[in-house]
């Protein structure tokens, strides 16, 4: 059974900060945002979690295994090293979608993302140790077939990007609306999705949906585990089996 | 007149590297990719350029003002500090789209993105000093109206993300297909586009297109300048005027 | 009683790398080295340890609380993100000096720091959970009295630096040779020392030694704890009491 | 003739910040300081300068080739990405020592390093283009002979560190007091010094001084150039010639 722990990371009152006292240079904002994301990825990533950059001012993380103290620690570390602070909402649930709704609610209940008084909220509760099991996290790692030969080496870089984005948009919608999964583009031609337990037919249907809607052919490796890292590495190994065997769904299905 | 200089940054043979000798942990890849992007953003950003993360393994930069030596220098700096290397293709043109086609062609001519022998290509030519003018770069900074009130504080974080992505996808397609512009999501609810010179009616049409297709209401500030930074800051100031005056198009139109 | 766990972090075969195929630019090396140190400081620091930059190619960390898996994880993370790899030697002992001798021996036994075949050694054993106690780590945080008024605002920046370095050299020698402590300059006018349990008279003697040998007047806050962070924060609070009360030794003595 | 341009980078009112509202964790400070230094090293380093970490709250840079606008740009970039700001003093002179005195004076004249009102000073003037020549910068890169065999592989890591520090302290003092040079430890067993034009006999005397005072045997490569990078790379190549030929002084002497 799935038991996802999702953390929503939200920069506090960030919009106003970007234009006070006047608009800040975009390059500095880009550098700052991506370094902040990298730090979160390093922090949770070495605690067996996954962080997705999402909108950069709102990042979504799979944090099974990280407790309240870990969350408070990263909040403090960012306060000590950046000009901005972060609020954290933690949600749990059988479906990743529900867990994120829960996580979001903890922040929204505390105030607006642009409330100058709302700072460093730490809301929600991580899974207790005795609620955790070896297959709490299910990850599906999707990858475009021969993206290099069909797109990168053939089209101009923006057209490739548009093609990949379209496939990605189609994929993330179907996963979310039909299956309760959360898919994130992680660069290149890859989408990592945190999903409930799904069977082979479901993955085949998802892949067929993206082929029909966005004319893009995908393969997927699926893994489950105690943490995002366990599940994610299993998914990556399954994806390699797709490559070796020419299959489109491999792994824990 | 527009005179865009676009650089395509492509990680060399990156796909194979991510799975050799076996799949590398995604969190490490995310951390590495975003730090590499941050470094490029810092490098070109403090030389008055803009870098967009795009697919992370292929990044697109507006580099008016950066010469061949600058490009070679950043290539060397990355080689000295990362486990991967980058190839750089430079293109120029009256339309940003054409400039990027040109930039891409220089890399594709040198070999595949996954050719183990193709490393650290530096192709194409920057604008000569006497070809450069004060309005070479046109930037349009698009922003969603009241994203906080309508989405961030109302929907769960993924649903907000999906909404923003859909508006963004619609916007980047129309800019590219109809106007020769390149639009990039830069986080939050913002899209920065490098565009040819366009008039007010064009921007109104673009905004109306996104409203009709993706049900999202945008405003835009437009700026022009010698470099991306000049144009981009002018665009941001124009966007502030939209906020103050309740208008939807301001700036150099 | 002290029970220090010290980790020696050594870049593998780094000297030859810096000049192959020809000498690399020093600025790139400086950037790379300090980012690598920052990552280690973030990694162990958020696991309640302290890392000192020392020589940058050889860094010394207090790692009570980090187990073998943590050490292996950071080794992998660096391999995945840097052009260099690290070897790690772990030592333990009642005196920090002994623990470091132990840590060093694990690496030296495996081969030379410039042996091209010796890569990513992970030697030695962390403390078992049942060997750990609440006062395992003792930290003394030394600070120069009125460094701003006496040096920074008075002398040129290099002369200030020379003065601070001289005081620091005197302090680190006496701590090491007489007391089995390891003192590290951490920037500004501060030295953080990992020490055995020492009494007030010892600290007064150390401070007097530095006054006599290097004509520099110090104060010190001393803390003990389960981890470096616990001990270090206690030491910092004790140092604040020195500031408030005009005393020169405060804390766990 | 030497014509050094030296920039003093000073964190504004940093001491009080580190303990407000209460002492901040040392690991966060270490991470923040070293990332800030890395950014400066990347910024000036890719503009052909060198930055030395010195005390981290006061850093010294050789900035020949960087103008006022560059200095203002890095100041802004740091303000946009860090919780602290920096003041910059620029000095020039035939001797590096004098240039630094000049640089320091510009900051001291503007107020104390711990004056809460003194923020983001930008004082002093860079060299005008017509004052600059091809041999403005002289760099001497000193290196310990067989540091690996004699120290790293033989002594414990702290004892090696103490030995290197002692040699380094002796070297930096004699360079400063006798020759008007500024020497900085850059990690490993290396000291990079920015020096006036000195002859072979002077370098032999310096090396002999360190041998006699600190029992450490050094070699040195000397380079000159338009910028720190030019001079520094020439010095590194000269140092390689020392290695190949078994000599102790090579290069522009």
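Going in written order, the chains are labelled A, B, C and D, and every chain counts its residues from 1.
Here is the rule we use: a contact is a pair of C-beta atoms (placed from the backbone, for glycine too) under 8 Å apart; a residue touches a chain by one contact, two chains touch by 3 or more.
Keep in mind the model is a prediction, meaning the values are calculated, not measured.
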Common touching chains of chain D and chain B: A, C
Label of the chain whose CA centroid is most distant from the centroid of chain D: A
Selected pair, greater C-beta contact count between A-D and C-D: C-D
Cα-centroid distance, chain C relative to chain D, in whole angstrom: 22
Intercentroid distance (Cα basis), chain C paired with chain A, Å: 36
Whole-Å gap separating chain A and chain D, where each centre is the average of the chain's CA atoms: 42
Touching two or more other chains - residues of chain B: 25, 28-29, 31, 35, 42, 45-46, 77
Footprint of chain A on chain C - complex, ascending: 39, 42-43, 45-46, 73-74, 77
Footprint of chain A on chain B - complex, ascending: 8, 10, 14-15, 19, 22-23, 25-31, 33-35, 37-38, 41-42, 44-46, 49-51, 53-58, 60, 97, 100-101, 103-105, 108, 112-114, 141, 148-149, 152-162, 164-166, 169, 172-173, 176, 182, 186-189, 192, 229, 232-233, 236-237, 239-240
Interface residues, chain C side, partner chain B - complex: 24-25, 28-29, 31-32, 35, 76-77, 79-83
